[in-house]
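We call the chains A, B, C, D and E, going by the order they appear; numbering starts again at 1 in every chain.
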Amino acid sequence: MNMSLIISQLINGLQSGSVYALIALGYSMVYGIIMLLNFAHGDIIMVGAYVAWLAMVNFALNPILAIILAIAACVLLGVVIEKVAYTPLRSSPRISLLITAIGVSFLLQNLAQLVFGAGSQRVPAMISGPSLTIAGQYVSFTAMITIVISVVSMLLLTLLVQKSKMGKAMRAVSEDMGAAQLMGISVNRTISFTFAVGSALAGIGSVLYCCAYPQASPTMGSMLGIKAFIAAVLGGIGSIPGAMIGGFCIGLAEAIISAVGLSVWKDGVVFAILIIVLVFKPTGILGKTMTEKV
Amino acid sequence: GNSAKDTEDENNVPNNEAVGDLPDEGNETVSGDTIKIGMIGCHTGDYAQYGLGVKNGATLYIDELNANGGINGKQVEIVAYDNKGNNQEAITAFNRAVDEGITALIGDVLTGNTIAVVGEAYPLNLPMITPSATAATVTYDDETDTVYGNVFRTCFIDPFQGEKMAEYASEVLSAKTAAILFETGNDYSVGLKDAFVAKCAELDVEIVSQEGYATGDKDFKSQLTTISSKNPDVLFCPNYYEDDGLIITQAREVGFKGIVLGGDGMSGVTGYASSEVLEGTLYVSGYAPGSTDAVKAFEAAYTEKYGAETLNMFAATAYDAAIVMCNALAVAEEAGLEAGTDEYKQAVIDAIRDNSAELECITSSGYAFDEYNNPVKDAVIMKVEDGEEVFVEIF
Amino acid sequence: MSINKKIIPMPLRYIINAVLFGAFLYIMNHIISSGIISKYYSGVISLIGIYIILAVSLNVATGYLGQLPLGHAGFMVIGAYTSAIIMKSVAAGSTGVAFPFALLAGGILAGVFGLIIGIPALRLRGDYLAILTLGFGEIIRVILLNIDNVLGFTLTNGAAGLQKIPKTTTFLITFICVGITIFAIHTLMKSRHGRAILSIRENEIAAEACGINTTYYKTLGFVVSAFFAGIAGGLFAGYIGILSPSDFGFMKSIEILVMVVLGGMGSMIGSVLSATVLTALPELLRSFERYRMVVYSLILVIVMIFKPSGLFGTYDFSLNSLLDKLILLFKGKRKNGQKNNEIKEGAEK
Amino acid sequence: MLKVNDINVYYGSIHAIKGVSFEVQKGEIVTLIGANGAGKSSILNTISGLLRSKGGCIKFRDKNISSILPHKIVGMGLAQVPEGRRVFLKMSVQENLEMGAYTRRGSEINESIEDVYERFPRLKERRRQVAGTLSGGEQQMLAMGRALMSKPELLMLDEPSMGLAPILVEQIFDIIKELNSAGTTILLVEQNAQMALSIADRGYVLETGKIVTSADARELLNNDAVKKAYLGG
Amino acid sequence: MSKPKREPVKLVPVPSVNIIPERDVDKTPILEVSHLGIDFGGLTAVDDFNMAIGRTEIAGLIGPNGAGKTTVFNLLTKVYHPTRGTIMLDGRDTGGMNTIQVNKMGIARTFQNIRLFKDLTVLDNVLIGLHNEMDYHLGGAILRFPAYWKAERIAKQRALELLSIFDMQDMAGNLAGSLPYGAQRRLEIVRALGTNPALLLLDEPAAGMNPSETSELMENIQKIRDTFQIAIMLIEHDMNLVMGICEGICVLNYGKVIAKGTAEEIQDNPKVIEAYLGKKKEEN
């Protein structure tokens, strides 16, 4: 394989990895605070894509407006889901919460199918710009912007969680809601905030996804969600740089596997990588091993 | 447009089918004045657009028929059940339909589901026509060399399409090298690919690259980058149109310059990629939209009733399947046989096989079936020009 | 709650249960074979039986062992393919005889995979384990899909799936398997081995401090769970006649998990009833066709919100205790305040 | 300062607190003593809003707080050191202290942290250590330090001496006295009734969810029934 | 896996727990620890820890908070693996063993923060403790062989008897999590006893108990030692308890032993007073 081919495969991998990473960040945040594998997260992306499509195709809005609307819709949806479906289950076993999340995910998918039909819709281009040529290889504008946005999001998020007061409140709530309240932290507000941020990331992910693969379909979120989620786990769930690394790993691994002609085994290999990493590093690449004090 | 709205309406149209009824007590068979036809397919789920196309296409014809007095004075009643594209549901849905007293079946839609249903329908010798299941094994068991006499179809079989495209590539396009990008989890896609590969070997077309992707994938750039680096003359994409739209777009993005070929699943691809990237794309089809007056009339009626969204090839082959089936039922009815009896079923089956060749159908001028109950139809080559799918030739 | 109200002596309790179950089998079998109910109903009943086995077996890993496996369909598909491949290779005349062996083989192979997956799983906790099992299920699916191309022989038939599998699954054999599964899991759980499994769910460190070999019992939980899932898979293959890998994806695992959680984790009767209801529900909702998945998901969310521990919590129904209660009700009027007496009886259980 | 009137707490069908009323005056140390499961912690949790009372009324600084959310109550100057410490195990000692000052803003926070470190030098040694790996006693100190960070007017302590070395128990009680003399009102729940009564102004004795005796601390120390049940005498 | 040397005591009903034999403490050591130490990263939690416990001795381990007492228990039970040093149980080196093997050899423990099987009944909690005392195998359990019935019957009887030490047999059917705090602590002791230990480690058994409950506990601890003829080592901050029943006391500070001896010796040791007891003792 020649050099430029390798580079272009790497860029392919980085681009899809960036989308995974953005979505994985959302997963990681929500998981971090209420220990919930939010299966509906992928479907929030789907709704974002449909909103963008509706805005541009049905209401002929400006792409920028469509992007804002899509992100806003994701934030709203994320917060509403949390309020309606997850808040009542705060003190319930975690698995009930998980099943609720699965239920919400099914619900969104089926409602989308009911409203928008089973087929997919073509989302017109939202972002356009000049493309670059690196090492003789053409790199599309969307690929660059996708990579840049996801890295920036990660940095901002790290700052938010580590440094801001809200970030600390998030960590406190995730550990002990009762004690957090005794510190004067509003648990409801903190959790809603977390969902809002996570969903906003999903919204951004949704827009970038649509730029790369301009289709919206009711079930588009499920596999995407699972992949992103694997990225989060691979990187060490709850860890922000971890989600990023996980996303890039998955994206690159997929690209490399496809590039060497094993594309039919792609999903299998991705999962196998995950399993191998977990076996040797049970908390993922950047996950901290918390030994339980006995 | 307002296509979302259309879909909504389409499904709110209360079709005069037994959908809402629970099975009656005592498992009654055909009531005196209606003939019940089953329609099992994926009306929801990932492939609902095919299932709904089939359901609507067949319903369209039957409604017309009923409006014209039905069969032999009897109205035709449709018993439609959803199988979500799932084998388990396909079997239960079929058994349920049998409980309702269907005398014949149009369906199933997806190949796997159809094979599952055949497993149940064959012992009952229930006449069935699938408008869309393309695998050879739907009508024929290669292990025991048995043809399922009761099962027919109005679509091509996979090998046929794959071979046709290989021949077309070699003979018409003079291609020397070819690449393939197919969906690994999809038997349709794999079936076409296998036939294409085999035929290419015969015709001395070199397959330079064979790449697969998993169901649900949206990113094909890696595979396409590899393919593009080998510079094949043609790229064969035996997939469904939504994926093909993305594939062709990304293929052009990574700099693929050759011709893209497809199977009948590519029909409808114009909605999923820009006209520039699609220009010159060719696919084989059993149905050429807008090609004849009959087709135009069908399309107009369909669009009026259900909107254009699910108007795909399978809607047309389902319309044909309904014609063939109703014609055969008419033969049995005229012979005065009692619905539900073995003779009746056999009479319908015989009539499908023997009396369909002269029928006025829309995707084929009549249906003659070969010894495997597959239709002998011409392949239509379609081409995308200026964002339109246009008829090129019969090949 | 008193632990000591078992009034019917132990062996008799089993005999009563066996007789009742036998009678149920006999009557149902008679009804089905005489054609009183149609193939549709008997098919749905068989499916219910298969899903009962799946839910009850998943409950071992989820409800009792306290893990969260998301790859149960992976074990099911191993059993299904194994059994189907065996059944396709036996002579047409002897399928009836071969079927139980094919089922067993499917169960054993699934159990072996349970062991394989159980070992790395030991190092993982909670959600990481969930992901591991999810990955495992998907890998199995990818392998079944692609193995033929790679190794050059036809075993699984790839995407087209394994077709024309002899349809040997009957009501009787399904429900005999249901009976065996429920009995075996029940007796396992009501023994020192079962308690060891429960103790891992409750507190692993304390379990080790009690001298319980947590490694062994975790693996055991997985193997038992996988074994019965494999049997269910074999029954499924014999019911449906065609297997394709895509039918056993992540969604199938979720479907089974939903049954377990909705029924109440750790409640056998919960798993049984919710498998029954959730298998029958889509059929009842057929009239709504387009809305039935929406309704299904709504029901799921609403039940979880209002009954988070599942419909039955950890409650386990027992016919015997029902009988006991009835007997007590009669006796209770005569005898009073004989706690000591009862303790002795209990101790002799 | 705090007035609890006829509160009732249920855990499902268990009636844990049965019509309890009492009050704490400004500047006092009041202690609640009672056997295991008498309902002491439940009362504190109800005051701080973590549990809800059925009926009744809780007044803090003449404001009814019985339906105010817990995080707001903290802002009003009422802090609780919960039973079992409940420090944030994954955060460092320093961060735990910062969390204590969540409702406050400004630069004095750092001074407060230094104050706490002065009181508990052990915490200073471990300031970067994750709280989850602290010993039981260290965690208890951290929990107290954290509560002090909100500069409360009323501090509720739930068994602060549990699991502490004798020398620390004394230290903790010294701190309580000191805090009190610096103007903080204290509501103290203790198993160690001897110690608690010896520093308290008044005490209430709780039995199975009801207050059975209330008196001056000195009186209670000499009360025979109390002696027998709670003082091991 | 090396086979534990200790013979499992045959499951026969224990002698009535009310008979406390008059006898002397057996001082031949059941446990000998030498130069034990562990580091957590840079922190040395326990260093050069040496001690021996007699076969039926009640020993106390005290020290300021964070001194490393619980860590010593964790080392003895192999929750943590020592960085240095050896632990000899009944003359056998436990190096390389894990928690389970050590338990089978005869060390049982309770936890500072209670770790019960909360959603199981009290009886089941004790039966889990008795797990290794029953010996029917998996097949026997599923097929309900006679061995199952016999072992279960005896185990249940034994469990109820163990519970009766703390007068808890009436709670056998309750969920462990629903018990009052004190009862939960006692249940942990019963469960540990179920594993048929030669050495019982109790981590702050009296925490959260009031003085009258504590004195009851003291009696019970002695009763357990006398009835089962085992060694008991306990961590406690309640000096009444420690001074009252411990025959030997070891004081830790910063992971190191600063004093060893009888209650009287310890009480007067200035190092201990300074580091741990405080001046209160002098006042009294």
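A few points about this structure:
The working rule: contacts are C-beta pairs under 8 Å (C-beta built on N, C-alpha and C of every residue); 3 or more make two chains touch, one makes a residue touch a chain.
For clarity, every value in this text was computed on a predicted model and none was experimentally measured.
Least step count on the touch graph, chain C to chain D: 2. If you take chain B and chain C together, the chains in touch with both are A.
A comparison of the D-E and A-C interfaces places the larger number of contacting C-beta pairs at A-C.
Averaging Cα coordinates per chain places chain A and chain E 49 Å apart. Computed from the mean C-alpha positions, the centre of chain B lies at a distance of 74 Å from the centre of chain E. Distance between chain C and chain E, defined via averaged C-alpha coordinates, is recorded as 40 Å. Distance from the chain A centre to the chain D centre is 43 Å, each centre being the mean of its Cα atoms. Counting partner chains per residue, chain A shows two or more touched chains at residues 110, 113, 264, 267, 294. Shared interface positions of chain C, i.e. residues touching 2 or more other chains, are given as 142, 145-146, 205, 290, 293. For chain B, residues touching at least two other chains, in rising order: 44, 184, 214.
For chain B in complex with chain C, the residues that touch the partner chain are 11, 19-23, 27, 43-44, 80-82, 84, 86-89, 91-93, 95-96, 98-99, 111-112, 115-116, 119-120, 135, 137, 141, 143-144, 184-187, 189-191, 214-215.
Against chain C, the residues of chain A that register as touching in their complex are 31, 35, 37, 85, 88-89, 92-93, 95-100, 102-107, 110-111, 113-114, 226, 229-230, 233, 237, 264-265, 267-268, 271-272, 274-275, 278-279, 282-284, 292, 294.
Taken together, the chain C residues at the contact with chain A in this complex read 62, 68, 120, 123-125, 127-128, 130-132, 134-136, 138-139, 142-143, 145-146, 149, 205, 250, 254, 257-258, 261-262, 265, 290-291, 293-294, 296-298, 300-301, 304-305, 308-310. Per the touch definition, chain E reaches chain D in the complex via residues 40, 62-67, 70, 112-113, 180-183, 204, 207-215, 237, 239-240, 275-278, 280. Interface residues of chain D facing chain A in the complex, by the touch rule stated above, are 48-50, 69-72, 74-75, 79-80, 82, 86-91, 95, 98-100, 102-103, 132-133, 146-147, 150.
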